[in-house]
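Next, two complexes with subunit A in common: one pairs it with subunit B, the other with subunit C.
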Partner chain A sequence: MNAGIEGFLQALNAGLLLGAHYGLMCVGLSLIFGVMRVINFAHGDFMMAGMYVAFHLFALLGLGAVFGSAAGPFIAALLAAPVLFLLGYLAQRLLVSRVTGTRVGALEGEGHYAQLILTLGLSLILQSGGQILFGSVPVSIPSDISSEAWEIDLAGGDVVVFVNQARAWGAAIAVALVALLVLVITRSRLGKSLRAAADNVQAALYMGIDVDRAHRITFGLGIAITAVAGGLLASSYPFTPYVGLEYVIIMYAGVVLGGLGSTVGAFWGGLLIGVIQQCSALLLPTQLQNTAIFVVFLLVVFLRPQGLLGRVSERT
Partner chain B sequence: MDDIRKMVAPGRRALLAGAATLAGTAAGLGPARAQAPAGGTVKVGLLVPLSGLYARFGQLMRMGAELGVRHVNEQGGVPALGGAKLELLLFDAGDSTEKAKNAAQRMVADHPDLVACSGAYLSSFTLSATEVTERAELPMLTLSYSDLITSRGFRYVFQTSARAGDQAKGALPIMLDLAQQATGKRPETVAILTDNTASSLSFVQPVRDGAAGFGLRIVMDETFTPPLSDATQLIQKVRTARPDMMVMPITVISDVKLLVEKMNEFGLGRGRVPTIGAGIAMAQSDLLQNIRPAQLEGFITVVGNWDAKGQEAMIEEFKRASGEPWMGQNSIATYGDIWIMRDALQKAGRADRRAVAEALRSIDITEGAALYYPGRRVKFDATGLRENAPPVVVQWQNNRPVTVYPRDSATAELFWLKR
Partner chain C sequence: MLELDDLHAGYGGAPVLKGVSLRVQEGEFVAVVGPNGAGKTTLFKTISGTVAARTGRIRFRGEDLSSVPAARRPHLGIAHVPEGRQLFPSLTVMENLEMGATTAAGRRDWAENLARVLDWFPILKERRNQLAGTLSGGQQQMVAVGRGLASSPHLLMLDEPSMGLAPAVAEFIFERLAEIRRQAGLTILLVEQRVAEALDSADRGYVLEAGRIALEGPQETLRRDDRVRQAYLGM
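What follows is the complex of A and B.
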């Protein structure tokens, strides 16, 4: 057995699969920031809500019995999206819209202080509300494939790579969703209105675009995407109402790495974080896995402040 | 302005109460003492996390304590105090050492008539809470494992479990002997895989320091920061090292799932690499909602307390009342703590925290409360550590964790795969 090569391939494989999940989370956050210029501190907690919705839909609809416990968790994750879209849509309509869009002109610091306080408040409400509603017992969506792997023999069986089936399917769904989102943003009328609202709110209004509606859809969509990412992880990762805290920093790092406001960049940022996190354990003590992420993060900020795919120039 | 006054008012009252307590202390009177009237109630406290990340563990401790209070009261309360009933007061230690300390401060300021308390789940919480209870001369019983708890010269803290380091020193030779009996060959290599929490590090330190003395060679030694996002790299290292056994103390449920499932995925689970953990996470009932129990078969964990022969009726009642599939160390320990408090009150003859502490220092019982502690004897040494508290070894067998050591408490035999 060639331990060195096998270890590297195993780390790369784990990093790519996990990174695709991170990437999807980052895309949701990036979409909201890119279009609305809102730093959503409650994003991890909306992801938590998505995980619980997927968990309960799986049980209530008997998705395990209908689709099998291999496919059922993924169906549950996808079904959580419309529920969380609605939640995000309403949250934007009732709360976030008061400190964003055309109202920011009347607020101090272009509304950023109010946005910060509001989303932090939402985060606390979601965590505490989650604990009241769902309790503190860690749960996960039961899956037959969360501990099953495809064994890939290389070099005549000298090197064996285990590809976790749940993570692999989750990563494939994440990539497909990002591709679909890019298509929607670049090719559809809806995408055009979102891009117009992102580029210049006043100009978009003058052109007859309903910016508030664009923002509502953006917020709902961003949260729904991240909720799916959470749902995809929910079969291999036990979660509690506080799980958002564990991922929100990774989401921010991924979004900044990829380039603030760049949807595709956010996906690559998340993917890169997954790879760094897993491969760093080959060279550094495992305790420093997350430290390695932020060392690379700081290097990127230092050498390329706009991120991997971010734009250098200011928006018009 | 009125709103501000309303917000300030309770704080001012608490401040005045605190000032009064301080004034009393300065005058040499000590904190206010309660003398329970015959047939009245005596207040005892439970300081555990009831909100935040660790709320689940606090809830389990609460269930055990509430059952203990009910049983004590049903069985006549404290006869020496005219049959006084116990009243349990709950205090939320939250999810940080700061919150635990603040809760302890509220507990001693608002309830000067409290005679004893139990808590505070995490060793770090217990260490900070006991800084407060020590000054208030309030006896605190704890299951927390850290070696530091009873090594600070404190007089009002009583540690009922074996300390983490002692658990490893006590359990490892037993494991090695059993392995030799089962396989005819003593394990020669060991992998250490631990998170970096205080109790886990205390557990692995004697293994690191004394591996050679146990006849073991360390072939892998990895420490990680919980919670893990993926266990692939760690288990890949185990696969490469091919140890005869693994020491793996883990404190977070999500890490248990990731590691156990990855071991099974890599063909190392279900006893193929005999694995010894430490602490409750590896035997928590919550695992049933997250891992197929068959995947846990054979995993061993060393804990401070677990169910034992002779507790069957109480455990059945607990299961019926709580809906839990078994009664783990957190619930049994607080149940037992309530009985120790009752025995101490009985010995003290008055509802006075200093007298209760004095009774705890001199208590030596092998019946009653002692039934709920491994070794079945409750006697504290000068530091407050329970003397000769043995480690309890628990192993997953037939989809549930069962006690396999000490032998007088064991409900099943330990098994070690022959290959």
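What follows is the complex of A and C.
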């Protein structure tokens, strides 16, 4: 009996910690979709780029020596954010802006077909470019605490749960970043103009909001956020230039679960995906973990198509 | 303040404006009336820059607007209150008004403008934290006008402010516009299908038909014109 409870609590705790990382990833993707209505198929590959940037920054700057090999990998993940913000900002300015925002009026399907092809193309370029630059041997950021755990005794020592230290710190950072982002989006003038541009591009222009600039910031920010999430996982999971494929599916499932375009919803969606994935391991073989995600995903889409936290809102 | 010279504009291959010339002087209230599809909304969008002018010239306070992108024009002092209100539905009433104050002048005068808008439209005070998408049509129109005023504009452009509103509500909006004009001394350019009400409040009017100015003059002259009386005033 205790073994069963122990197994469940262990899976739940692993799921919540991993899910917080997924949640942060989903928030980045959701921000871009929510503000720009762009389905970014290259999102996972931008995350991969972020993981490699974190990996190389860690080595180049000697972060392990400066901050210790417990904190170093987290610092590397956070430092990858400005680099990836710049990459996203430039990708939007040079490429994505041609098929989004104020220019889509003239394009077929409001530019969605062109966006699809463009972001798929970007995805392929990032994957192949990553392979040329970084090779295909799996790497990870060395961390002292990625296999250390706190032992938590429950029920007078009958039930013991192990909390992975790297995952716990990573989850705490992820939650703090989501809270910070929500604050920026709801309270700051920048956040309000992003939401205004998301609601109605033309009216935003009539207010004098530079919508193209808002989109560049959004794309940069969305990619930077997801890159940090990837960087936080880069000390626990070895990765290759093709890592984006594994995660982009999880990200889309999480974003749709939480309700398309809802920032907070995307976080809860990602968290839920983590929990489902880990708990299903109790019942299913490891290879079927992602199947469980999609079964729940289909159920939600079937029963509550606007997502768990999504609003049924009319767009003017 | 605003000068349009032989303006041509349209969408894709279809021309909508076919040589429109129009003047608005400082402090004037000018109405542009005309039937559906005459190009009234396109005229406004061309002034705001969301539709590009093909040929012709737009000058605002002496500045040629041809190379000024749409997002810069509000900063010169043009406030466009668009047809169908086009609020930001997922933002609150207050946040919508705040977005109006994106211009430097709007931020400078924010407290004063907000107090005036809430004074002119007291119902918005109660609704300030409500999502704009959940308001009634009349209240949405009040937010749209307030949002335009929040930018501290030199020129307020109103596109069909009475559209879709019950007659009593439309009347209230027109009455408020007259009041706002009196108190704020604003220059107003109004586009309307309700010709009688529009000419009532305006100093001067233009009749736009099929992309051309068919008639122009002081409002008394237009109201006495046989063509206007027959076609628009139902007399």
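To be clear about the criterion, the second predicted complex is superposed on the first by the 310 of 316 C-alpha atoms of A that agree within 3 Å, B and C clash if a C-alpha of one lies under 4 Å from a C-alpha of the other, contacts with A are read in each partner's own complex, and residues count from 1 in each chain.
We take it that contacts are C-beta pairs under 8 Å (C-beta built on N, C-alpha and C of every residue); 3 or more make two chains touch, one makes a residue touch a chain.
As the structure is a computational prediction, the values presented were derived from the model and not from experiment.
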{"item": "Subunit B versus subunit C as contact partner of A:A172, first or second or both or neither", "value": "neither"}
{"item": "Which of subunit B and subunit C A:S147 touches, first, second, both or neither", "value": "first"}
{"item": "Subunit B versus subunit C as contact partner of A:I39, first or second or both or neither", "value": "neither"}
{"item": "A:V139 touches, of subunit B and subunit C: first, second, both or neither?", "value": "first"}
{"item": "In the superposition, subunit B vs subunit C on subunit A residues touched", "value": "B"}
{"item": "Contacts of A:Y242 with subunit B and subunit C, given as first, second, both or neither", "value": "first"}
{"item": "Which of subunit B and subunit C A:V184 touches, first, second, both or neither", "value": "neither"}
{"item": "In the complex with subunit B, residue positions of subunit A that touch it", "value": "1, 3, 6-7, 10-11, 13-14, 18, 128, 131, 135-140, 142, 146-149, 162, 164, 236-240, 242, 246, 277-278, 281-282, 285-287, 289-290"}
{"item": "Residues of subunit B touching subunit A in the complex", "value": "51-56, 59, 196, 222-225, 227, 229-230, 232-234, 236-237, 240, 253-254, 257-258, 261-262, 264-266, 286, 289-290, 292, 295"}
{"item": "Partner subunit A, residues of subunit C touching it in the complex", "value": "12, 48-50, 70-75, 79-80, 82, 84-91, 95, 98-100, 102-103, 133, 147, 151"}
{"item": "In the complex with subunit C, residue positions of subunit A that touch it", "value": "102, 106, 189, 192-193, 195-196, 198-200, 202-212, 311, 313-316"}
